[in-house]
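The same chain A turns up in both complexes below, where it pairs with chain B and then with chain C.
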Partner chain A sequence: MIKAIFYKEWLKIRWAFIALVLASIFAIIYICLDVRQSFEMSGALRNWLQVVLRKNMYYSAFRYIPAVSGIVIGIFQFVPEVSKKRLRLAFHLPVDERKSLFLMELVGITANLIVYLLLAIGLLGFSRMYFPAEIVNSTFITILPWILAGFVGYMATAMIALEPSLLLRIVYAVVSYGFMQLLYAGTFLNQFQHSIGKYGIVTAIYLLTVLFPGYRFRRGAK
Partner chain B sequence: MENVIECINLTHKYGNKLVYENMNFTVQKGRIFGLLGKNGMGKTTSINILMGFLRPTSGRCMILGDESHKLTPRVRARIGLLHEGHVTYDFMNVTQIEKFYSRFFPNWKKEFYYDLVDRMHVPHQQVISHMSCGQRSQVALGLILAQNPELMILDDYSMGLDAGYRMLFMDFLTDYVRAYNKTVFMTSHIIQDMEKVIDDAIIMGYQKLLLQAPLKEFMRTFHRYIFETPYPEKITFQEEGVKNTEVIRNHMTVYTFCERAELENILSAKGVEYKDLAEESMTLEEAFIGLTGKY
Partner chain C sequence: MLNKISRYAIIVILVVVAAVFLPRFYWKALGKSTSRPTVYYSPVLDDFVYSQTGASGVMEYQDLSGGSYTIKEYQQLLPFLYARNLEKWGVLPESIKGLPVTVHFIQKNLQYSRLRPYELNDPGVALYPLFESESDFTTLEYPNELFRIRERMEFITAATNTVDERLSVLFTEKLESLGFQFPARMIAGNPTNMKPFDEGYFILDSQNDLFHVKMAKGQPYCVPIPKPADMDIRYISVTENPRREFYGLILTQADEVYLIMYDAYRLVKLPLVDFDPDEMSFGLLIDPLNSTIQYSGKGTVKTLVTDRAYNVLAENVMHWVTNEEKAVGRIEKYLFPFCLNTRVGNSRFLHLDFEYYGPHSLFGVLFFLLLFVGIKYYRKEKIGADWFDLVVVASTGIYGFLAVLLVKTEPWD
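Let's turn to the complex of A and B:
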């Protein structure tokens, strides 16, 4: 049964997932080429100063990719479920409804995680070739909130899609947007060094919230 | 006889708007039940309650021993649902959807599904969303037959189907139900199709259940009489058995559970002048309209 649910979710998101993986690879290649071009055009010293002293984020192209990935996978996964109330099909399967929802969510989270890991490994691996460990570490700390924003974007999309009430959809959208804005508030390197753990915990709690609109959908709420 | 569905004092409201009150009906094992009702009488609400997607405001609805809004996975496996519009996972193709559903049901009968689907000569790689409405209906029915459930709840199975597909659907369904002693609870807008297959009729009226009876009994006991009378507009009936009347010029039509002699007594007691009293046979659709009214 679990394999069948994974199979269904994969069928829904596979093209979006492949497109996001390709987009992530292109984004990393773009960042690499951009940095290399800067090194060649302006010289290593100037670039070094830009990064170390002016805290220039040479990977700013990375910034919104996780959120876009989260929202796109959320749309591909949950819009087909709610159009024509197709989620009723899932809720009639001989599987506990909460388990069904969590398995669906697990597929989305895993797909997003793969995209984020690809992006992070590509970016950090490339950074190690040009910058010292301190810069690579600060890059990691800086991109973490953006990755968390990706998960929040995914969950927000799922909740908004599943929620039957327009009013609650607006509430979820506003709360999620506010939380994502907090995660994007960083304007310089390492800004979240001491608070990323707390943001991580709040994001983990966010992962449970899909149960509420799912439960309301199940009960025929309006 | 074992009750597969049992609704007791079922009441439902949307906010303050009452849909129906204290509705009672039972569905017995091995029979085909048709739920009939005009638009807005609460058919969809009843189906949603039966399918477990709506909790009734009060009363109980038991399906195979479980409350309908708290069906356990084990009981859900024994119920096949056909959703209005033949909704399926239409992003899958013919093979993928069979593969998906087969993992959930231990008594899965793959051959039932392909027997029906292959009649349409559709390639197995065909994505369901690219099929016609009729073809999608056969896929949805094939999946339910393959599930091999004890109870099938079919919500407006005829929606969007032409005569050929409606006939194919009903032929397959009735053959299967009779052969394997299944129970069916169905709704449809096409009452003449239901007349051929249902054993029992449940007819809903405004905020209440008007009738639950075996179809043959209903058709035998419900009558339409037409007679000529000079002042039909002056005749009113308060009698329990008289359900509806229609007047066209000086002809009056009476829909009633009364026998001819009983109606004649009523007319005589009222001092009504009449002539050419005759009974006209009815189809189920005419009887349904006779019972519920045209408006």
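Let's turn to the complex of A and C:
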């Protein structure tokens, strides 16, 4: 039964997932080429100084990709379930409703995680060829809040899709947008160095949010 | 049970986001500009003068005995600061207190150094360019490598992204011969070529000993700087200035400020009292006759005028009404029980810091708690099963109140 749920989720998101993986690979190649060109044109030192003195993010193209990935996977996973109220069928399976919601979420989180790992490993891997360790570390710290924003985008999409009431959909959307704004508040590198853990905890709390709208959906709340 | 927990997870997120944004919106909607006095010492009056936005929103220029001036009269009281304007008006005196002056002379003998709270915690990458300080050229050229200090001083060549062993060994051995203990605790310099000359870096080793490190004709110039053993350095600000009086400022953990003098690296303690570097901006203005030390924040601006040896000649304290002291600030403390700050004054990092607004906020909490119970009563809803909603409102006030009302409870299975 659990295997079947995984399979059903995979069927829903596979094309979106494959498209996101390709887009991520494309984005990393784009950032690589951008850096390569910049090194070629103005030399390695000038590029290093752009990071060290100006605190520039040579990877700013990375910024919104995780959030887009999260929202796209969320839409592909949950919108078909709520249109024509298909999810109600799943709630009649001999699997606990909360368990099936968590399993759905697990599939979405895993799909996003694969995309983010691909992006992060690609970015950090090629950064190591061009930049010293200090800069690569700062790159890692700087992309972390964007990755959290990806997970928040995904879980917020799930919440909003499942929620039957328009008012609460708006509340969830506004609040999640507000929290993502905080994760995107950085204007230069390393700014989340000391606080990323706290933002991580709030993001972890998001993992639980899918159940309540799911419960309301099953009850047919208004 | 899990569904209930899920509802509270949503409520927690609402409270977190509201505690960041509602106080912000409150200030955006109701905040007023504060009128801070700008204080200077006038060598013409031998007394302090200040400018401040008046009640009508017009800038007012005054002295301490109540005299008021037009902007042109005011600037004539401050001939060192406004020398160029005075010259343009043809009123620059030939001498000030017996000191013959020209615009050129004044400009050569003016220096301004600052220390602002946000400098104290600045995200950065611990790599630094070491300039050639005795270059044959007039402009400073960036070197081909950046250095780091871990278990040794390492220079990394940018073009190849590899360590330059020759330079690394040269500087590491020189530092070790002077007793430098790796790694470095602090590396302070002015890593830009937009400065008249280069003085390299002031580096604190792992034993809290201070060293001056620069490159002269390709060779290491390293000097241990004698300092009191109990001096715990918090921050160093280096500014190369053609006056070559001091290399920069040292801020200690005890909130003292020292100048590192060119004269044998003597440390001169500035006569500050009740200086709080996390809340106050510090400025040191040196003109051809005096030095003016000013630190301001939290509604107070303190100005000290000293002689060349930094002995206090006169001092002045002025106050302004801060936003926190105004009605809008006091009401905030009743309305909100706490807030979450993502930006704090002494840091350029992003935070998520809890700030408790004090016991006044209990009134707000109590108000929203009663309002919540009233609404429940009016709607003829029982609280019983959702007693935790009361805990949420009691602990988070307006934030929890909004959250539990928006995300209403459900009839649970």
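Just so we're on the same page, the second predicted complex is superposed on the first by the 222 of 222 C-alpha atoms of A that agree within 3 Å, B and C clash if a C-alpha of one lies under 4 Å from a C-alpha of the other, contacts with A are read in each partner's own complex, and residues count from 1 in each chain.
Here is the rule we use: a contact is a pair of C-beta atoms (placed from the backbone, for glycine too) under 8 Å apart; a residue touches a chain by one contact, two chains touch by 3 or more.
From a predicted model like this one, the values you see are computed outputs, not experimental measurements.
Asker: Taking chain A as the common reference, can chain B and chain C both be placed on it without clashing, or not? Answer clash or fit.
Answerer: fit
Asker: Tell me the contact category for A:11 with respect to chain B and chain C: first, second, both or neither.
Answerer: First partner only, chain B.
Asker: Which angle, as a multiple of 10 degrees, do chain B and chain C span at the CA centre of chain A?
Answerer: Placing chain A at the corner, the angle measures out to 140 degrees.
Asker: State whether A:85 touches chain B only (first), chain C only (second), both chains, or neither.
Answerer: In the superposed model, A:85 contacts chain B only, not chain C.
Asker: By the touch definition at the top of the document, which applies to A:178: first (chain B), second (chain C), both, or neither?
Answerer: In the superposition, A:178 touches chain C alone.
Asker: Now for A:129: first (chain B), second (chain C), both, or neither, which partner does it touch?
Answerer: Only chain C; A:129 stays clear of chain B.
Asker: Could you look at A:3 and tell me whether it touches chain B, chain C, both or neither (first, second, both, neither)?
Answerer: The first partner, chain B, only.
Asker: Between chain B and chain C, which makes contact with more of the residues in chain A?
Answerer: Of chain B and chain C, more residues of chain A lie in contact with C.
Asker: Examine A:211 and indicate which partner it touches, taking first as chain B and second as chain C; both and neither are also allowed.
Answerer: It touches chain C, and chain B stays clear.
Asker: One more residue to check, A:94. First (chain B), second (chain C), both or neither?
Answerer: first
Asker: For A:219, select first, second, both or neither according to whether it touches chain B, chain C, the two together, or no partner.
Answerer: It touches chain B and chain C both.
Asker: Please state the minimum Cα-Cα separation between chain B and chain C in the superposed model, rounded to the nearest whole Å.
Answerer: Chain B and chain C, overlaid via chain A, are at closest 7 Å apart by C-alpha.
Asker: In the superposed arrangement, what residues of chain A touch both chain B and chain C?
Answerer: On chain A, the overlap between the chain B and chain C contacts is residues 219.
Asker: State the interface residues of chain A toward chain C in the complex, per the touch definition above.
Answerer: 43-49, 51-53, 55, 98, 129-132, 134-135, 138, 159, 167-168, 171-172, 175-176, 178-179, 182, 185-186, 188-195, 198-199, 202, 205-212, 215-216, 219, 221
Asker: Taking the touch rule as given, give the residues of chain B at its contact with chain A in the complex, in rising order.
Answerer: Residues 14, 48, 51-55, 69, 73-74, 76-77, 79, 81, 83, 85, 87-89, 91-92, 96, 99-101, 103-105 of chain B touch chain A in their complex.
Asker: Looking at the complex, which residues from chain C come into contact with chain A?
Answerer: 2-3, 5-7, 9-10, 12-14, 16-17, 20-21, 123-129, 142-146, 148, 156, 158-159, 161, 191-192, 342, 348-352, 406-407, 410-411
Asker: Please output the residues of chain A touching chain B within their complex, sorted ascending.
Answerer: Going through chain A, the ones touching chain B are 1, 3-4, 7-8, 11-12, 80, 84-86, 88-89, 91-96, 218-220, 222.
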